[in-house]
């Protein structure tokens, strides 16, 4: 009886893991389709629901749009690979230290989108000049220790501290780290951060922008825009777009 | 005899409704092709010619390029769904209140295009730095009540007041609402507003722009550019481009 | 004998006209592929080598990428259509008046590219901040009479005066008019003007640009970049790109 | 015995040369796919490993994406064509003089990317506002002799002097020259330079950027980002993207 239950549990877990990996594959393709690619220099991770001390992570040496069921690594909160044969990103500590520090976070994305990097270089934070900007109202940390790659436990812990309880953190002159309870939330957040940064840089370049709306107004916008259901709806739309294109390509190459 | 007339009338109406829905489908694809997409967060509506207290509207949870004959809702001027099974956008009141206040308007579009949002954040209006800018000369309201989603009758009425008798209204730090007698007019207007905003932000970022042309000159340009026939010609061109691409895609996936 | 000679001459002319029309078709597709489209609001014309008082011109109501052998109009220097059934652009006078005033010009292009329009709005001319900028060194007029469409002989003559002996003229807050001895020269010039404008607006937005090179240096660059052979080589490359894409599309839709 | 050895050596050389030419073909397509095209006005060269006084170079009159096994020229360090029938770029001296002056450099790329040209026009160097910017920290020369084409030994030598021991050199108001030990390094460097320039121009346009990180931090970033292995991994990813597209196109045209 116990063995049967364990076997069933194991099958359910395997299916769960396959589903998550499948969603990471789609997430990577969505991020590239939305302009978040930078050679092979971006990553995404997701915590295992049935084992919160482990996470799946995109491998080194491939693009975000080249994730497969085979090259996803399983990594522990010290950054050690516990399953998978592919190479690990040296910046794994961004993921392990945030997942260690933030029990409420399951997904971590790190990319280098142009407008967000430029915003980080201004030394200013994201303002509420757009609804995507409002999503990050008083919820965007800034990490200013170094421009370098986050290649140690200590540096990863520094990023986690700069993140604090925020949704995301700008790595000054380097890139962004965006978190989510879900893959959908982190992906949509990453895309919205870049759009908010673009709106702000355009408005600031054109002269002194008008004042932001009052705090209470921005807090309400942040609340309304960050509904889990809405992240899913928006992600699913982008996923459908990617699949439509993929389908066309698949038929073309036959 | 009367029943026959009614049946014929009913058939004509059905065909009319099908034609309008078909044009909304094309309009949505044109808007996405021209960069007006923002996840599923944009909408378009059109008043029923044979029943001016009702309007068709894109449903929630889909992209502007995913409108179908099946998912278009029929909604009354209080925002109640009277036909259709899909989910209604919570911002329906933008449409219902404008269509209530403006008998001359049949089509309402709401999107969040990047340059227009950035322009709204500067606190300045669109200037006549381009012919698309001239289209909105003294015909662009600004709604400054809130950055939040327009989710009540009162807020929708506020947007309608800020619109006034203008062609469009900037929702500060949020997006645009563009109107038209026809779908073509609203779609072309939305695209031109974004181009006019881009020209202006570029010119302002590069230094003090030269003075605009005199009022009479801008008024004549606004008049000449806003000819109904020209909106149709320009929309039809974009529709042909979308159909050419769709045809290629359709043949690819066979 | 004379009739045979005339027939042969007529055959040669027909072939010449077909070749020119074919090149206008390609030129229109190249302009759209390079981002010079603006709905149906752009045009291109070319003077008949065997009858310099007539010119071929793209018709109204179509995009630059929709020119066909059938819809090209033949027009005289007063702007009257002498052959062809399609509708004439109301701005025909840009073409007729320039071709009247400038015997050295055979091709005229009018478009509304975003960066060039923004440059025109700054009230400054194009500087030698790039080699494309140098192509227009002291060879770019500015027409500042109106933002309106050029819909009369008098207005067209005004544009021709503002053009003077220059390569091109900015229509302030409206668009560009670029000329060439050949179609290739005008097309490449139009694309280079936009690139030069983009470089300048970016450099100016980022702060005070460094001084330009001395006049003699810019004059030499202008001379070297404006070699007829080079215009042809660059145009032919863009034409090959368009044809490669067209070939793929044609095969897809079979 | 000796003849056999020579024949084997010759076969190995032929294969080596074919492999290099094949990589130049891919490099050209990658550069165009990443936006480095400017008509036919860009070039790439690579030094023969078995004969360091000779180099392969893209021919005149074609785009960077039109390099074939047949049109690659073999050129000596004086700029003379020693093999190949295609036309030589008049700016060959950029390549010959740099390869003469820098024994550590094997690949030279010259293009005119918009943001890099705009940066050159500001008269400022690239700052460490991004990791791509850090790649060029204190390793970017500026050539300010002329805006003109580099069409003589003397001018090429001037560019080589302005390059010095740096990774790349901005040709003021003209373009960029980027070097590498390998094709991968030069291609990735060219793309990163443009991204770094874009980040900087955006940050500067939006107001006074925050200070850069200290010298030691930037030196470490420059070191870590410039690992040969990483250039290869990033280039290979872009090459796979180009091949995926090419495969789709090839199947479409069958």
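Structure notes:
Which chain is which? They are A, B, C and D, in the order written, and residues in each are numbered from 1.
The definition used in the following text is that a residue touches a chain if its C-beta (ideal position, glycine included) is under 8 Å from a C-beta of that chain, and two chains touch if they have at least 3 such contacts.
Just so it is clear, the model here is predicted, and its values are computed rather than measured.
For the touching copies chain B and chain C, the fraction of interface residue numbers used by both falls below half; the interface is of the different-residue type.
The geometric centre of chain B is 33 Å away from that of chain C, both derived from CA atoms. Mean C-alpha position of chain A lies 46 Å from that of chain C. Under the contact definition stated at the top, the residues of chain C that touch 2 or more other chains are 200, 205, 252.
If you draw each protein chain as a dot and join the dots that touch, you get one closed loop, with every dot joined to exactly two others. Of all residues in chain D, those touching chain C in their complex are 38-41, 60-63, 66, 112, 114-115, 117-119, 121-124, 146-149, 172-175, 200-201, 204-205, 249, 252-254.
Residues 128-131, 133-134, 188, 195, 198-200, 202-203, 205-213, 217-218, 220-221, 224, 233-234, 237-238, 240-241, 247-248, 251-252 of chain B touch chain C in their complex.
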